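Both complexes shown next keep chain A, but they swap its partner, so chain B is in the first and chain C is in the second.
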Partner chain A sequence: MEIDPHHIELIGRLAGAGFALGLGGVGAAIGMGMAAGSADEGIMRQPQAQSSMLRTMLIGQAVGGSPSIFALVVGLLILFVPAMDLAHVGGNFIAMLVGAGLAVGFGCFGSGVGCGFPAAAACEGLARNPSRSSRVTSVMVIGQAVAQSPAIFATVIALILLFFYQHPGTDWAMMGICVGAGIAIGAGALGPGWGSGMTAGGAMSGIGHWPRSHGVTLRTMLVGQGVCETPAIFGMLVAFIMLFAMQNLQNDIVGFAKAVGAGIAVGFGGIGPGIGSGIAGKSGAEATATRPRLDALVLRTMLIGQAVSQSTAIYALIIALVLLYVI
Partner chain B sequence: MDLTTLMTIVEAGVGQTADTAASAITGVDLRTAGAMIGAGICMGFGAIGPGIGEGYAAGRACEAIGRSPENAGLLTRTMLIGQAVSESTGIYSLVVALLILFVMR
Partner chain C sequence: MEHIGERLIWYYVPFTDIAMPGGGLNVLTVFNTIVTMVTLWVLFWLGARKRAEVPGPGQAVVEMIVGAFDGLVASSLEFEEREANRKFFPLITALFVFLLLSNYIGFLPTQYFEEPTADINTTLSLGIMGMAIATYCGCRSKGVLGYLAELCGPMWAEPGIAGKLSAVFFFPLNVIGELSKIVSISFRLFGNIIGGSIIIIVVSQLTYNLVVPIGLDLFFVFFVGVIQAFVFTMLTLTYISVGIK
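Let's look at the complex of A and B:
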């Protein structure tokens, strides 16, 4: 049974672009909806401040929409990137496109939702203190920018896959590496994007209530967001190991399963720790804003709690490395 | 449809000739491959719950310390005990994944 190479190419392009935009567009839509909902509530409470609230909402939605734009760009590249060797296009090409789609789809989901939390909290805060519009907006944009870094990691891996991993033919090892690296960084970026957005949201609602403590709150927010990103860095580490240090992976179905299993372990294993650290960071930033004098004590408790909640991400990393190197 | 037919169709779909593909994969290979992916699913999805749960405990501890800083020691201790208990399912996942990888495969 021979299949026309054009059809193989089309299968890969449609599946990959479907994953990229089907998953990657959802998060930003949820996040933008949260921002719009909060802005509505705020305008209902303080109709005279509607222009500053509308501006903050639109800035928050514009910045929070960029993960879905990453997904759109990568999705269009998946559809239209030229195939280097159309005569020998096969499973490797399909797996590369699906891997890039999974990476950017899952990766932009989390950051898209995450960017919605600070935007929503900023609109709520403005309803209380409309005079603080510029300070609230600048902290919101900082928080959103940090929450987007997991989506940027995922986009980088997707672009590496698209431009450097176009191999002809069908090899189990190469297919496993492409799909495994995509799941590792994609699902691995979901939790951290979501969690660092929650941390930024907590800081924003704190600054909305107590604008004077914005310096220490910003510091706690950035530390908390940094810890939230750890699972995404584990995912990127495993993706890079697969892409650049796995040339001698066995070329049979077992090698394929090793790479995909390692990707699932470190990718999905990062979701819980990322969101969990985000919950801890949210409360830590809020508590810091409420009682700025207790910032050292709260920061210490937050960091201990986040470190413990990262432990399962470390187990997942261990299992992934065992799969790649020991078994 | 038995497994060999399925693999033949999959292999034909990704561009290999059916004969070589069907003969290259044995039952032992499939079993090992299943163990690898199973260990990944076990640890990956098993890590979601403990991560969120421990973060929730840490968040509540931060709020409580913000409200009554004089009890910080007690609150941190309670948080750590709660997190250790909620860690247990993550450790079960780790143990089962290691069992799959080293004992069962």
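Let's look at the complex of A and C:
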């Protein structure tokens, strides 16, 4: 039975765009809801500060919404990117679109939720200290921007897939590489985005309570967020290896399984470590704000704890590399 | 959009047939690194040229950067005397200003200026440099045996055979952990910078270079550039201070 190439193309576009927006919109919506909820509570506590509270909430939601905008842009590209060789469209094209959708869908989920934590904590902090609104807002935006870098990694892999991986026909190896790279960076960015948002949230609630120590708290927050993002970087590393250094992957169902398995290992293996080291970073940032004199000790303990909590992400990376190169 | 990731690479020594050792040389990265270094030298020389009691604008900016990093290094390393902190202060300050200017150089709208940090070779060598310094400092302050004993895990110092056996598990884990620090620190900077430039190129094409790319430039080049330079510098400093203590 011969399937019409237009139908194959349509299947890929619909599935990919569905993954991209269906998953990618969820996180940002949850995050925006958190910000709105805590702004409500804050206005209840300090009705006279409602204008600055509303402004902070809107800024936080606007910056926190950008992961879903990344997902929207990639989703539109998935729907409308021109197919280079329409006559020979096949499984590779579907796998490429689904891979891009999975990458940006999962990847923007975590950062979307993560950006909600600092926005919520900022509104709460404003309710305590309405006079500090500009300082609180600037730290919030910095924390949200850093929490978005996993989503940026995922968007980049999706764009590379969309513009450089349009191959005609159906090959097991190429399909495996596209889907595997998408899952690796997508799921791998979920935990780190969530976790580095939690770290920023902890720092924001600390600054809300103790605005004077905002300098050291900002430093601890940035270092903690940077370390949180390690699993996403492992996911990006595996995705790059698959996309640019796997030309001799065997072209049968075993090669497909290897690539997808490696993607699942490093992707889903990064969720736990990302969120876990985010919890460590959250407490570390709060502790730094509470006792700024002890910041070096707190920073050291936080870093060691985060490094140990990320050992499972390193196991996942090792398993992925073993799958790709040894077995 | 086909020129994403395409770079000017010399595979042969110019005007000859002799192959480059190690596969090739990325000309733009070397050129832009030199441009960055020369610009920094000139800027700091101008800032420090006429030192006065009441600083002029150039001297004030340089003093601000230097003063901020002096305090930062001192509060992270926590040595008793000022001189010991000052040993690391030039390294950390130079690392930050170099990364900052490298990230900003991509804003110049010609094809010859690309961020040196968008090349994995630059960030990987800076990451290896940082971890090598941290390891060396750890060995200096605890002794080579003390450093290795720390890699053998928390139970190594306890009496009994169980503590020694636990090193079989902890030692490879800690060594991989140290190596993964290099990967994570260098790929974070590389991914953020090259990711920003790819997103700017794609969105510029989609919007026919109207309005939107300017905002993206402000975000990805100026904002993300300074934050990632600071994160890289702080992580290097923190790894050094963890190694010392």
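Keep in mind that, in the parts below, the second predicted complex is superposed on the first by the 327 of 327 C-alpha atoms of A that agree within 3 Å, B and C clash if a C-alpha of one lies under 4 Å from a C-alpha of the other, contacts with A are read in each partner's own complex, and residues count from 1 in each chain.
In this text, contacts are C-beta pairs under 8 Å (C-beta built on N, C-alpha and C of every residue); 3 or more make two chains touch, one makes a residue touch a chain.
Nothing here was measured: the structure is a model prediction, and the numbers come from that model.
Colleague: Do chain B and chain C fit side by side on chain A after the overlay, or clash?
Modeller: After superposition on chain A, which the two structures share, chain B sits beside chain C with no clash.
Colleague: With both complexes superposed on chain A, which partner does A:S149 reach: first (chain B), second (chain C), both or neither?
Modeller: Only chain C is touched by A:S149; chain B is not.
Colleague: Touch test for A:G269: chain B only (first), chain C only (second), both, or neither?
Modeller: After superposing on A, A:G269 lies in contact with chain B but is clear of chain C.
Colleague: Between chain B and chain C, which one contacts more residues of chain A in the superposed model?
Modeller: Counted on chain A, the partner with more touching residues turns out to be B.
Colleague: Answer with first, second, both or neither: which of chain B and chain C does A:I304 touch in the superposed model?
Modeller: A:I304: touches chain B and chain C.
Colleague: For A:Q250, using the defined touch cut-off, is the partner it touches chain B, chain C, both, or neither? Pick first, second, both or neither.
Modeller: Neither partner.
Colleague: Which partner does A:S131 contact after superposing on A: first (chain B), second (chain C), both, neither?
Modeller: It touches nothing on chain B or chain C.
Colleague: Considering only touches as defined above, state whether A:V223 meets chain B (first), chain C (second), both or neither.
Modeller: Second partner only, chain C.
Colleague: If we overlay the two complexes on their shared chain A, which of chain B and chain C does A:S51 touch? Say first, second, both or neither.
Modeller: neither
Colleague: Between chain B and chain C, whom does A:L237 touch in the aligned arrangement: first, second, both, or neither?
Modeller: second
Colleague: Mind checking the angle chain B, chain A, chain C on Cα centres after superposing, to the nearest 10 degrees?
Modeller: In the superposed arrangement it comes to 100 degrees.
Colleague: Rounded to the nearest Å, state the minimum C-alpha distance from chain B to chain C in the superposed three-chain model.
Modeller: So the smallest C-alpha to C-alpha spacing between these two chains is 8 Å.
Colleague: After overlaying the two complexes on chain A, where does the chain B footprint on chain A coincide with the chain C footprint?
Modeller: After superposing on chain A, chain A residues 304, 310-311, 318 contact both chain B and chain C.
Colleague: Spell out the residues on chain A that touch chain C in their complex, using ranges where they run on.
Modeller: 73, 77, 142, 145-146, 149, 152-153, 155-156, 159-160, 163-164, 216, 219, 222-223, 225-227, 229-230, 233-234, 236-237, 295-296, 299-300, 303-304, 307, 310-311, 314, 317-318
Colleague: With touch defined as at the start, can you tell me which chain A residues reach chain B in the complex?
Modeller: 1-3, 5, 8, 11, 89-91, 94, 169-170, 175, 187, 191, 195, 252-254, 256-258, 260-284, 286-288, 290-291, 294, 297-298, 301-302, 304-306, 308-313, 315-316, 318-320, 322-323, 327
Colleague: Of all residues in chain B, which touch chain A in the complex?
Modeller: Per the touch definition, chain B meets chain A at residues 9, 11-16, 18, 24-25, 29-30, 32-41, 43-63, 65-66, 69, 72, 75-76, 79-80, 83-84, 87, 90-91, 93-94, 97-98, 101, 105.
Colleague: Which residues of chain C touch chain A in the complex?
Modeller: 1, 4, 72, 75-76, 78, 173, 176-177, 180-181, 183-184, 187-188, 191-192, 194-196, 198-199, 202-203, 206, 219, 223-224, 227, 230-231, 234-235, 238, 241-242, 245
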